[in-house]
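Following this line, the structures themselves.
Two complexes, one shared chain (subunit A), two partners (subunit B, subunit C).
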Partner chain A sequence: MRPSRTSYPLSWRLMDALEAIAAAVWPRSFSAAVPWLMLLPAVVLVGLLVLGLWDMADGSFRTLDTATFLPSDDYSLTNYHRAFTEKLFFTVASRSLIGSLIVTAVTLIFAFPYSYVMVRTRSTVLRKFLLIALFLPFFIGQVVRAYGWLIILGSQGMVNEALGLVGVSPIRLLYNYPAVLFGLVQYMLPFAVLMLAPALTAIPEEMESAAGSLGANWVRTFIHVVLPLAKPGFIGAGLVVMTLSLTDFAIPAILGGGSQDFIANAIYDQFFRTSDQGMGATLALLLVAVGSIMVGVVFALFGAGTLAIGRSK
Partner chain B sequence: MTETMAADAPFAVSVRGVNMVFDGVHAVRDATFDLEKGRFLTILGPSGSGKTTLLRMIAGFGRPTSGEVFINGLAVGSVPPHKRSIGMVFQKLALFPHMTAAENVAFPLKMRRFDARSIPDRVQRYLDLVKLGKLGDRRIHELSGGQQQRVAIARALVFEPDLLLLDEPLAALDRKLREEMQLEFRRIQRELDVTTINVTHDQREALVVSDEIIVMDHGRIQQKARPEATYRQPKNAFVANFIGVTNFIEGAVASIDGEKIVFDRPGFAGRVGNGFRPAAGAAARGALRAEQIRIGSGREALGDVDTIFDGTVTDAIFEGERVVYEVSVKDLGETPLRVFDHDPVTHNQHDIGSSVALGWNVKDVLVFGD
Partner chain C sequence: MKGDRSKAVTLWTFVVVALVMLSAPTLVVLGASFTAGNMITFPPEGLSLKWYAAIAGATDLRDAFLRSVIVATICTAISIPTGTLAGIALAKYRVRFAAGVQVYLLLPFTIPLIGSGIGLMLIFGKWGLLGQLWPVGVACAVINLPFMIWAVTASAASLDPDLELAAANCGAPPLSTFLAVTIPAVTPGIITGALLMFILALNEFLVSLLLVDARIVTLPVQIYNSIRSIITPDLAAISVVFIAVAAIAIALLDWLVGLDIFLKSK
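What follows is the complex of A and B.
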C-alpha cells in the first residue's frame, strides 16, 4: 500500500526546496555571520541618518544668497547668530520647550491612573476595553485626529453649537496655545500609558498590600511605594512624550492654525516657504541638540528608566 | 480573680462562620475558631487548601463572603487593613526595594505617626532583636535571603501590633536556615508575647513552633488542637495522613468490642478514632504510624507487642539517624507498610527481600471510616 500523501505534506517539500536554495546561496560555514547580517538593515538606516545630519551640518554654515536663491559657497556662523538673536526663533523655541514640558507633565498625570486601572483591574472586560480605547487612536492617525478636533471645537463646531443652544455666543476654542497643548496631550496619552503599564505590572500587588498592613492608606501607599517603584516607567514615558511633543508638527500646524508654530513648523517654513535650507538645517540641528541635552539631563538625574538597556545586574 | 479575667477577656482573634467564594471557587468554608492572646497558632494544609485566603481575611484584604472576623472582641469587617493593628510577613516578603533595611523597618512607624524623635531608636532596637543591628543601611538586594526574612519580621513587629501574621515566609529558604528561623520566630514571639498566626505546609515547622495547630483541607478546618494532640489524636484520616508518615490498612469491620474494632483481616484490630462507631461489615481503615511499628528478623526480637505480622522487605532507605523500610505484608493488602527503624546501637540492616516480623500495639491503630 502507498503511504498516505499527507504524511509528508506539500508545505514541507516547499520548505525543503527553500532550504536547499538557501544552503546553495549561503553555505553553512558562513552561519556565524548570520546575526550580524540581520543587524545590517538597522545599521544602514542609522548610517543614512548620520549621513543626512552631516549634510545638514554642512548646509547650516551656508547662508542663502538672496540674488540667486542658492546657498553660499563660503561658510559662516550667520545662521546660528540669527537663530539665537531673532525674536521669532526665540518665541517659537520657548513655546515648543515650555509646551513640551507642560504636555509631558499633564500627560503623565492623566496616563498614570489609566494604566494603573488597566494593569490592576480584576475585570478582564474592563481591561480589554481600556486596551482597545488605547489603540484606537493609533489606527486613526495624527492629521485626521487633529481635523476631528477642528470639527468639534471649531467656531461652528459641536461644542459651540451646544453652547449656542444655551445662549452663549461662540467662543474661540481653536488656534491658541491651550488648544495645541490639549491636542498634544490627547495625542501623547496612549504612548505614555503604554510606556507606564509594564513598569506598573512589575510592581507586585503584595507590595501595596504590605504598605496597607503597615499602616499606609492608599494615598500614602501611592506616594511612598507605587510612585518610587514606578519611577522607571515615568522616566521612560516622560522622555518619549517630551521628545515627541517637542518635535511635533501636525498638531501645532492644524490646531494652532499658523499662529502657534513649534520648532518643526519653523523648520518646515525655512525649507519649503523661504527656501532657506541653511537656516532650516541650523534650526533642525539646534532642535536635535536641545532634545539630546534634555534627554541627557534626565538620564543624568534619574537614570534611563525603562529605556535603560543591556543586561540587568 | 485571674480566672474570671481570663474568661472575660476577649479572644485575640475569633473567626465565626467565615466563607470566601471567588467566582465559583469556594476557597474557605465555614471557618470558625478562637485564638487566645499571646498564643502561636499555625495553619497547616496542602497547597490550595485556603490558608492564605483565611489569613488575608484576618488581615483585612478581601472581605469574607459571609461570616465575621473579630479582633480583640470587635468585629472588623469594615475596618481597612491600615487601620488594623496587624503585622504581616508575606509569602514573598514584599520588602520595599527602594528603601534600606532600616527605612523598611521605619516605614510602619512613619505611616502610623509615631513620634519622629523616637523612631531611630526603636528601629535600631528591632533590628537588634532580629540580629541585624549592623546592617540597617544596606539595601534589600544587598541582603541574603535569611537576612531579608529578618527585616520583614522586624518591619511587621516594630509597631507592636496586636497580631502577627506569617504567610509561609520560610518556604523559600533551605532546610537548615528554615529550621533556624523557625526557632527564631519562636524566640521573638515569646520575647514579645505577641499573638501569632503562622501559615505553612511544612508539618515539622507546625509541630516545632506552635501552641496550636489548625489543619485545613479543601477550605475546611479539619482539626484545631495542640501539636501533640494533632499528632497523637488526629481527628480523621486526612489529618493522620498529612502529619507524620502513616500507613493505612483498608478493610471491613468484623466485630466491635468496646473501644476495640476487629477487622475482617485475621489478627488485625484497632482502636476507635474520633468517635467512629461503625456497624459490623462497614468499610474502615486503620491508621498506623511508621514509627509505631517495630521490625525484627524474627517474632521473638520484637519484644512486648500485641499484634505481629510476617512480611518481606521490598525497600530499605538509609536516612542517617534512621532506616526507612517498606515491608510488604501479604495479610494486610497490596500497599507495603512503611516502618521507621531507629536503632543506633545494633545497626541491624534488613536486606531487601529478607523475611521480617512486624509488631505493634492495637492501641496505636486508629480506625476511621473515611
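What follows is the complex of A and C.
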C-alpha cells in the first residue's frame, strides 16, 4: 500500500490552493499587467492627493461672501488677484522664499562636512555615533525639537540665564527671523546629510588620493574632484531642504511666535482664523505650483540626483 | 600628507557645530524633564521624577499618546503592502511610462505638506470622515509613501532576477516564487520602510493638526497647543516619550538592517 498523503504538509496544500486561486483570478496571459496591478494600491493612495488638489482648485475660484460667510456659487479670479496684489501676501512669500534660500545654503555647508566625515571615517564606532546623532533628532519630530529650542533660547532660557551669570542683560533670541532660520537649519540637517551620503559613498577614495598624488592640496581636491562628483547628492539634498523649509509650518509658528509667518502659516490662518477657504486654497495651490516648478526645473536641468526611485541601471 | 591637519580641523569644526546643533534640543529636553522646580530654570533646581509622575496621571496626555500610536499603526499597516508592491514593481519590471509613474508617486513629496493636508482635509470633510482617527492614519500613509517605496526599491535593486528564474525553473509557481524568493530579498527594505513610516506618523504634526478636532488630538498637536500658553516641565517629560521611542526605533533599525544602509550608494 502506498503511504498516505499525510506526508504532504498542510502548508503545501495551502500554497497549492492559493496558487490555483491566483492562476484562476489572474491567468498567465495577463502577466504584462502584473506590474500595473502591483502599482495600483500606491496609485490609488496618491490619488487621494490629486482629488484634494482638485477640490482646492475648485475652492480657489470662489470668493468669501461677507454677508453669509459662505463661499460664493459663481467662479471668479478675485482670490488670485488678491494673492498677487496684497502687500501681506507679498511680505510673507518673500520672507519664506529668501528664508528657504538662506536655510538651503547654510544647511548644505554644514551637511557636506558631516556627510563626508561619516562616509570616509575608518572608525566604525565614530560612523555609528554620527549616524545616531543624526537619526535621533530626525526621529523626534519638529514640535519636540522646537520645544527644546524654546527652553534654550527663551527669555528665561539657558542661554540668557548663562549670560546673566556673567552680567549680560537678557537678549531677545526668540520670535525673530534668525531664530526661525536657525530652527529650520537644525530641522533640515538630517535630511541633507542623508541625501548627500549615498553620493559621497559612490566617489571612489582612490580619486582623491590620485588628485593628492598629482599635487593637489585637499582644498583643490574638494573643489575639483569631490564637489563635482557629489553633484547628484547636492541636487537631492538642496531640493529637499529648499522645498521643505519653504513650506514649513511648525518652526515659524513656534520659534517665530506669530510674527514671522511663512506661507504655510498664512494658509492655515486663512482657513482657521479668517475662515476664507477660497483664499486659503488659492495660496496653497500657488505654493504647490511654485514647489512643483522648482522641482521640475531642477529635474529638467540636472536630473533627479539621489531623489530618483525605481530602476537604477 | 601635507595639509591633512588643516583638512581635519576644518571638517571637524563643522561637524562639531552640527553635532551641537543636532543634539542640543534633545539633551535639554531630557535634562529639563528631571527638574525638581515648577519652572524650567537654569541652573536647574535639583533632580526629581515628579514630572514623570505628573504625566503618568494626566489622562489627556496619555490618551493623546495612545491616539498617536493608533495613527502610526494604521499608517504602517497600509504602507507596508502598498509600498512593497509598488517598490518591487518599479525596481523589477520595465514599466511603460515609468518616468510618469515616478513623478506621480513622488507627488506626496513635491506637494507641500500644507497643501496635501488641506486637500485631504477638504475631501475627508466632503466624505464625512473628519473627527475619526483612521483617516489621519491614511493621510500619514499617503504623505510618507515615497519613503516606503524608496526603502523597498533600494533592496529590490540588489535582488538578482536570475534567482526568481531559478525558482521558476525548479518548478515553483509564480506566487510561491514571489513569497519565497522576492519578498525575503526585499525584507531589509520593508523593515527600514516600516520603521520610518511608523516613526514619521507618530511624529506627524501638521497633517494631524489639520485633520483632528479637539476630541481626538494626537500627541504632537497636544504638545503644540500647550506650548502656546506656558512652558512647564511636564511637557519636557512627555517629550521624553518621543525621545525614548526614537531611540528604540534607531536601536531596532541598527539591529535588524544596520544604520549603514543609509550610506549605500545606488
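Here is the rule we go by: the second predicted complex is superposed on the first by the 267 of 313 C-alpha atoms of A that agree within 3 Å, B and C clash if a C-alpha of one lies under 4 Å from a C-alpha of the other, contacts with A are read in each partner's own complex, and residues count from 1 in each chain.
The working rule: contacts are C-beta pairs under 8 Å (C-beta built on N, C-alpha and C of every residue); 3 or more make two chains touch, one makes a residue touch a chain.
Every value quoted in this text rests on a predicted model; they were computed, and no experiment measured them.
Judged by the touch definition given at the top, the superposed model places A:Arg13 against neither subunit B nor subunit C.
After overlaying the two complexes on the shared chain, residue contacts for A:Asn217 are found with subunit B and with subunit C alike. In the superposition on chain A, contact is made by A:Leu229 with subunit B only, not with subunit C.
In the superposed model, more residues of subunit A are touched by C than by the other of subunit B and subunit C.
Of the two partner chains placed around the shared chain by superposition, neither subunit B nor subunit C is touched by A:Arg172. Once chain A of one complex is fitted onto chain A of the other, the partner contacts of A:His81 are absent, as it touches neither subunit B nor subunit C. In the superposition on chain A, the residues of subunit A contacted by subunit B and by subunit C overlap at 212, 217. Residue ranges of subunit C in contact with subunit A, taken from their complex: 1-4, 6-7, 10-12, 14-15, 17-19, 21-26, 28-29, 32, 39-43, 78, 81-83, 85-95, 98, 101-102, 104-108, 110-116, 118-123, 126, 138-139, 141-142, 145-146, 149-150, 153, 157, 173-176, 199, 202-206, 209-210, 220, 223-224, 227, 231, 235-236, 239, 242-243, 245-247, 249-250, 253-254, 259-260, 262-266. Chain contact summary for the complex, subunit A toward subunit C: residues 15, 18-19, 22-23, 34-36, 38-39, 41-43, 45-46, 48-53, 55-56, 59, 109-114, 116-119, 127-128, 130-137, 139-152, 154, 156-158, 161-162, 185-186, 189-190, 194, 197-199, 201-202, 212, 217-219, 243, 246-247, 249-250, 253-254, 263-264, 267-268, 271, 280-281, 284-285, 287-288, 291-292, 295, 304, 306-313. Chain contact summary for the complex, subunit A toward subunit B: residues 204, 206-207, 209-217, 220, 224-225, 228-229.
On the subunit B side of its complex with subunit A, the touching residues are 56, 59-61, 80-82, 84, 86-88, 90-92, 94-98, 107-108, 111-112, 155-156, 159.
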